[in-house]
Structure formats: structure tokens, C-alpha cells
Amino acid sequence: MSVQALFFAAYRDLLGTKGLAVDLPAGATVADLVAELRGRGAPFDALPAEPAVAVNRTYAHSSEALHAGDEVAFIPPVAGG
Amino acid sequence: MSVQALFFAAYRDLLGTKGLAVDLPAGATVADLVAELRGRGAPFDALPAEPAVAVNRTYAHSSEALHAGDEVAFIPPVAGG
Amino acid sequence: MIHAAVVHDPIAHEDVLSRVGAEQDGAVLLFLGVVRDHADGRPVSGMRYESYEEMATPVLREIAEEAAGRIGSDRVAVVHRVGELDIGEVSVAIAVSSPHRAEAYDASRYVIEEIKKRLPVWKKEHYVDGTQEWVAGTVPPVREPASATRENAR
Amino acid sequence: MIHAAVVHDPIAHEDVLSRVGAEQDGAVLLFLGVVRDHADGRPVSGMRYESYEEMATPVLREIAEEAAGRIGSDRVAVVHRVGELDIGEVSVAIAVSSPHRAEAYDASRYVIEEIKKRLPVWKKEHYVDGTQEWVAGTVPPVREPASATRENAR
């Protein structure tokens, strides 16, 4: 299955991209996606091992299962206000 | 000596006057002024025995000594804001 | 600049707000006290505020200065209105600004709480049924050893 | 009515303030977050705010609704700006009104604190020396049992 990873702010600057499609085995979780990306080496290995992530615009635990077409946003520490 | 007593809000309504001059013996305190007024009978005896009082526009303890010409305001419980 | 005033005309809250703010300030807070349409369940049609004006103005300034002192900002402005007020009219406006938000909230709250405790202002509620009543207030705190201090100051 | 928006244009705080207030409300509070001229002692010339807008808008609304729920008032309005801001420009405006002041302060503070904790917004400080840096932020809290709930909802 394919999910859409999104990168914001410092993560976007780090990776040089706003987002990319990632293929994952069925049943993969948020943690599996993070591992897949970090396994690609630099610059992806500079992502935190347990980043805050939102799945379809809701904060999600690393154990959450992903589904085809999910939008998975990597959320750097927030600084609104 | 003479001091000027002032009455506001509920106290003014109670006494029917905004203020009056009161003659007191030299060395009289706030408490003496209160006693003098309350001793006049109705409606003055309806004033509290220990009202909040400001002498010359500063809150003053009942033991504070008065001086000729002092402005002594009887301050009902306040309700600003 | 610290600003404190007791006024008779309607309060333009923008004017109060515009008295605070500075390039080093990241937080601005405006509090408005407004005449509401009920009190303890009774329908209210309006309110008359009275003050001991010669004393209320300096006490209001003292409160504003204390608030400013607490947070190390001199951007504190407070205006209290007296007279006849309708429902929805502003009785008090408090504006504060400071570098950080915690201080702004602290100072704003301090000003309104101290006003309630010790500003010589009273209000008479006009009820929809035609009656009116002085609002039960707060006995202002009086410091103990005023006498000696005052003697020395004369 | 609860109002929450992420905007690109300058915030007119009067518009935010005018969204709250009701005849039963005695307290109105307006908080403004403003870009200040320094950060941790470094002179700042401006700030760029970015958001994950598709998520920021619903999170901001959720925060406003939680604040309203805490105090039983639906008069909560919050607007957060994104884009390039100059010193002194408003980044966030929060207006709340309620019958009593304690609730207004509580709700106002809740909104800004929750924004800092979990609104997907980031800011890059532009320093007077020409450099720029993402401001160190807060890791948003994530609830534990999201997976099961989400499965059931599908």
C-alpha cells in the first residue's frame, strides 16, 4: 500500500521536500513508516526515532496502523502563538 | 477641633446627607468619631460600629488620631469593577 | 506609561488598549467589565456607579503601579467609569502588555481583583421590576499601624 | 458562536473581539500575541509563521470548543495568523466573554496554552544579524489508544 508522508518546517528544511509517497506492506504502522524512512540514510536518518505524527490530520500514536492513502504528517515540535 | 465626615452610597442614603462637620475633642481618633455619630441615635446608630474609613483619602485604622480639618470618609463595602 | 483614570463618559476601549504595547512586548491583554442583564438571577435593566472620586483616582493609580511593579512592565492602563450605565456598557477597561504572557495575565487579574477589594466605588442595580439596590460589596482591608506612620509624615 | 480560523492577512483584533459578548456576560477578555523585537536576548527583525493548515484549523476549533466547554460559554473566538510578520504585528488574537471574570481568564489562558502545546504551527525567527532559526517548540502530546478507536471508526 502507499501512504503520503508530509514534512513541515524544520523537517521539510532537513529533507528538502514537502512530502513523498511511501510504499509499505499491508498492516504497517506509524513506527514502520518512520523506520522505513530513517533506513534510507542521510538526510532521512536525522528524523527523530519517535517523531510526533498526525494521521489524516489527527495526532497518532506510533503503534497506529496505517491504511492505503493515509496522509501521515511529521510534526516538528510546535511553536504557535 | 472640627473634622469633615463624608458619607457615600448606602451610608449617604441611610443618613440622608453627603457629609457634615463634627466637633471632637483634641486627640480624638477615628473610633471616637464613629462613637460620637452613633451616639446621636437614629439614623446614625445604624452605621456599623467599625466601618471602613478613609482619612484624607487613605484607608485608616480605627485607632488613627484625627486632626483639625481632616476629611473622614465612611466607606461602605466597595463594589467597583 | 502607567495610566489610571475615573471617567464619566463612555469608555473607548481602543483608547485604553492603545496606551500599552511596546516593541519588547509579546503579550497584550485587554479586560472589559461590562454591565450584564442579570444579577443573582434577577433581571437587571441598568446600573449606577458612584465613586469617592478624589480618593478613587489615586487608589486606581496605586493599583496600576502595584500591578506594574509585580511584572516589571510600565504598560498598564486602567479606566473605570462612573454614572448611569446601560446593559452591555463597559464599566472598567484594563490593558496590560509585557514581554511574556504569564505576566500580562497576572497583572490584568491583579488590577481587577484589587479594584473589587479596595477601589471606593459602589454600584446600584436597577432591576427590570423597577426596584433598585446597592450591590453587596467587599469591606476594604485597612493596614494596622497607620497612625504612627501618618504622625511621622506630618 | 465559537469561531476559529487560521488566516494569512493581518488580524483586525476588533473583528475578533466583536465576535464575543452577550447580554448575560459581565467579562470580556482579549489576548493578543505580538511579534516582539527580541528572543532570548537576540534582536529579532521579524518572524515567519507556517502551519499545517488543513490540520491547524480543526485543531484550533477543537481548542476553542474545549475552552468553551470548560466555562459553559460559547463566546470564544480565536484567530491565528501565518506568513511573514513584522515586529508589533499580531500573530494570534483570542477573545472570550462570560458572565463572570474568573471563567473568562480561565478560558483565555486555556486557549493560548493549548495553542502552544499542540497547534501545528511553527515559526522561524529572523534576527537582526541576518540569520534565521526555527524556534524550539513543544512536542505535542499524543493519546495512547488511538489505533483501536480509529479502527472502529472506519
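Labels A, B, C and D are assigned to the chains in the order they are written; within every chain, residues are numbered from 1.
By our rule, a residue touches a chain if its C-beta (ideal position, glycine included) is under 8 Å from a C-beta of that chain, and two chains touch if they have at least 3 such contacts.
The model shown is predicted, which means the values in this text are computed figures rather than measured ones.
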A correct list of chains touching both chain A and chain C reads D
Compare the CA centroid of chain C with every other chain's and tell me the farthest one.
A
Rounded Å distance, chain C centre to chain D centre (Cα mean):
27
Please tell me the distance, in whole Å, between the geometric centres of chain A and chain B computed from their C-alpha atoms.
74
In whole angstrom, how far does the Cα centroid of chain A sit from the Cα centroid of chain D?
25
Averaging C-alpha coordinates per chain, one finds the centres of chain B and chain D separated by a number of Å equal to 51
Which residues does chain C have that touch at least 2 chains other than itself?
33, 101, 112
For chain B, write out the residues touching at least two other chains, lowest number first.
81
State which pairs of chains touch, listing all of them.
A-D, B-C, C-D
Can you tell me which positions in chain A touch chain D when the two form their complex?
6, 8-10, 13, 29, 52-55, 57-61, 63-65, 67, 73, 75-81
Note which residues of chain D are touching chain A in the complex, please.
33, 49-52, 54-56, 58, 80, 91-92, 112, 115-124, 134-147, 150-151, 154
Interface with chain D, chain C side, in the complex: residues 14, 17, 21, 23-38, 87-88, 97, 99, 101, 104-105, 108-109, 112
